[in-house]
């Protein structure tokens, strides 16, 4: 098997890893700061996709605007969910968090079906993104390049946000010790709401970016969420870098899986996760949390 | 969140009455109901076995497993495999349970080193690994079409006695018997010294070590027992449906165990059993009314978590305490005066310190 | 009196800093021993090494002529070496009785039994009853530990340690965060238990009055090293100890 | 605990309430008040439309028949449940519908559900008309070998997915074949049958690559890339529904259609797929290299009956019918014919009435195959193209083959 082929396959895996990364980023941030495991995170991925589709596919706005609008819309829903549903259970055992948010998944999936119908939908690919560029003597979709770019950009922006901005420092301080932060006058409640909104917007971005190449359908998020869990856990819960690396690992390795040993590809990511956790109980970049 | 040990007054008259009533109803049910109702009750009983086993791990040992469906699936497939070759129900069931326990031993050895969310995720991963194998090992498992035409073989006590269980009704009585035995055994386990040590581990892993409990060993044992119970439930499924498919080992089915248990309540021994009944009844009714059953289920779950965290058992218990117990003689020991007047510092400190426990 | 515990050149590093630095000391049977020292002297690390919570980087621990340096906690408990905790670690959701019952069952090797109700184990429960009587919590036997007052939780803490019938029991600041009368109760109990000669106690404290009122023999740790080991009177006179503690008082 | 007991009490009451299950009283010519059809199909998740199509087809037929006076003077009634694509649920549904008093079952999407249903149908002794599940094992194993007579399949089985071989065998330049397969029995078997059939006509072809995509795959680019790495001339693709649309559009982005001769989309002739691809097909982005088969094509056959059906369906539902809808619709009419012939609802009488049945349906003339209860009818394969006469893309340049050329017949030889 030629070197080009392997490289190309990796590149392809990279682009599919980005959706996973965007989904996992929000998941890990929300867990890291609020300590909440959000099963419904995949539902926000779906909501983002549906809203983007509505603006872009039905109302005919341009893609960028549609994505922006869908992020805003999802954020609003996210804030409501955080205020009225997540807040009351934040202090509870993970089991209850998983259960409640699982309930939300069921609700959102059926609502989506009620609103948009059971038929899957797929809008046209915008002109600018059509076609491919030649890489390693093989055409590579422009849109996938764009997605890779977007994913990396988001990573950089998040890094800047948390490492370089005042707000980011407050968030990290609060994550480390809420009581102390509150004592120092941080409005922890509002901060949590903000972080949760940020998280669901990232999920929505993942969903929205997919609309031109993937179908929009009820329940689409539920099939992503478990993968996202795996990514965040093997990257280390609460670690952004971990989520990024984890997503790339899963995306690229399963891409090679389809090429090299197609028959066991299904089991691959679970194997990876099991092995990583056995070797590094708290994930690749995770620290033990009290 | 945590299961308290059953209080002193374990077997009061009231208890006997309710248990007796339950048993009577279960016994007469087949004579007054359609086979479909019997079929549903069989499912309730299997789900109860599944969830009660899970709760030994969750409510009593404090380990949230998201991979119980794997053992359920292994129990079902092994039982199916046996019945397809050698038509003896007993052999099938025992084989399924044994296989599930064996796999639980292996997965347990690797998993119980971890606790909390990491344990949960590890069991999820191993569970889905089993799922993928059942899905992909087509030569043996029939892939996603699964194994079909599993006979409801007679109950053959090694030639001594042979009882046919072909009809739903006769199979119902078989499952009922199995369920009663399973509940009895688990009840004994929970109230044994071993059961107490599990609750100790749940409350404080560190302390358990320093009173001389081998924490990991006991966790592993609990994990194996829970696996065996899941396997038993699965093994009963194969001859009931006479077909098994990989989905029964999917993580979402592991989720059912969690849902059912929290629905009924982790605090009470019978909580999960109650959850199982409620789960089947609710779903059945909702599906009859609307195509949007997911929506309704979701709302129920959310309300449950926000409103009745102790599960239905807890909710009813409060009512029970209020209306019945206070009518009768005081059963609970009087709350010591000192509890109302604690040393404030101490209380606060104690709370903070316990905060470090999962 | 013969030695039951011997620590030889015990050393434990955290990073580059040695929390315990070449400590050699011995505990004699039946002698209520105290280990004192200002905060950060390495007392808690020392106790963690002794109980198997940590393993030393250098040195060895000999308990009743047996090297236990590498043994895990549970194993040491079975040999009769246990401890209590400064930060409370009870079984909050178990009743007071069950809290002391568990160590008793464990000691009798009964926790393996999975089919007989533990409530039916007469002997174990009688023994638990005795322990509860002794620590004065008999009337709260059916109360979940988390509902007990702080003082009573401390007593229960002690009760759990005692219930393992230890030959040697380390008490890590058993009176921290207590009001005077609660403190009295605990100290009386320790003295009483110690007098009964079944268990040898080693109290780790930074509060001097507690120690001098109670101990037969005192070791002083400072910056991870053993500063002195002598009778209370001698320790009182010891200039270096005074210096350390005065310095402590000045600085703090 | 008191709570446990109290709750138990409450639950027992719930169960008692549960026991009261009313049973129907006899009337009408067949001695029943109504003839009940219990349907099921997936109504939740990304494939929800497939169940919906079955539901719409059934309902349309039942409304028509009732309007025309019913069957032997008996009105028809239906109840439809969500199979969730889960065998356990499908089995429960069947039992619930039997409890409701169903005389016939109709529907079911996935093969897994269908296989699981087989034994239950036998136990309940109720005939099910299968409208979608395609696995050959349903009829070959469960009916032909195990003799579960309650199984009747109205829809074309997986044999239909191999029909492409008969088209591509006449393309001498297409020698290297690869598959992007659905990672479950359907995908494996379809690929197997396609290979077998093609090899028989074209010993010179080679099969160079396989990539398998599990259910609900969102991103097919890894699969496309890995088969393209083997430079195939033709690609045989089995993911269906929304996944078919995704894999094709992602292939477009990767410029696949400049590098291959043929792309065979096994279920591409289904309405939902064509709906999703109309834009690209209209713009000829597939360069006429996209071929597809189906189990029914709304623009074929050009018969009075088919035109009436499609028109009626569009008026009633404002959608075009897919094969699930057509076979569900036909199932009801087949049941009608059988009942009228048997003048009974007894399984044996119905089966007897079905023997050698030849009946015209929208999809064409269906012939009942006695050995395995499979209705036999030919469905053409064709090239995806745009025809202004239709709201969405269609299959044109149709090739019809006699079923004898590509179906399997008893005694069924084992698939290697």
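Lettered A, B, C and D in written order, each chain numbered from 1.
Basically, a contact is a pair of C-beta atoms (placed from the backbone, for glycine too) under 8 Å apart; a residue touches a chain by one contact, two chains touch by 3 or more.
These numbers come from a predicted model, not from an experiment.
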By mean Cα position, the chain sitting nearest the middle: B
Chain whose Cα centroid lies at the greatest distance from that of subunit D: C
B-C or A-B - the one linked by more C-beta pairs in contact: B-C
Averaged-CA centre spacing for the pair subunit B and subunit A, given as whole angstrom: 33
Intercentroid distance (Cα basis), subunit D paired with subunit C, Å: 73
Distance between chain centroids, defined by C-alpha means - subunit A, subunit C (Å): 50
Subunit B-subunit C separation of Cα centroids, rounded to whole Å: 40
Touching two or more other chains - residue numbers and ranges from subunit D: 43-44
Sites on subunit B at which at least two other chains make contact: 7, 135, 294, 356
In subunit A, residues with contacts to at least two other chains: 109-110, 113, 263, 266
Pairwise touch network: line, ring, star, complete, or other: other
Interchain contacts, given as pairs of chains that touch: A-B, A-D, B-C, B-D
Residues of subunit D defined as touching subunit B within the complex: 1-12, 14-16, 18-19, 21, 43-44, 81-82, 86-88, 91-92, 95-96, 98-99, 110-112, 115-116, 118-120, 123, 135, 137, 141-142, 146, 184-185, 188
Residues of subunit B that touch subunit D when the two form their complex: 6-7, 14-15, 18-19, 21-22, 25, 29, 32-37, 39-41, 43, 135, 138, 143-146, 148-150, 168, 241-243, 245, 247-248, 264-265, 267-271, 273-274, 277-278, 281, 284, 287, 291, 293-294, 310, 312-321, 324-325
Subunit B-touching residues of subunit A, taken from the complex the two chains share: 37, 85, 88-89, 92-96, 98-100, 102-107, 109-111, 113-114, 226, 229-230, 233, 237, 263-264, 266-267, 270-271, 273-274, 277-278, 281-282, 290
In the complex with subunit A, residue positions of subunit B that touch it: 1, 58, 64, 110, 113-114, 116-118, 120-122, 124-126, 128-129, 132-133, 135-136, 251, 255, 258-259, 262, 292, 294-295, 297-302, 304-306, 309, 356, 358
Residue ranges of subunit D in contact with subunit A within the complex: 43-46, 48-49, 51-52, 183, 210-214, 216, 218-219, 221-223, 225-226, 228-229, 241-243, 245-246, 249-250, 253-255, 258, 272, 276, 279
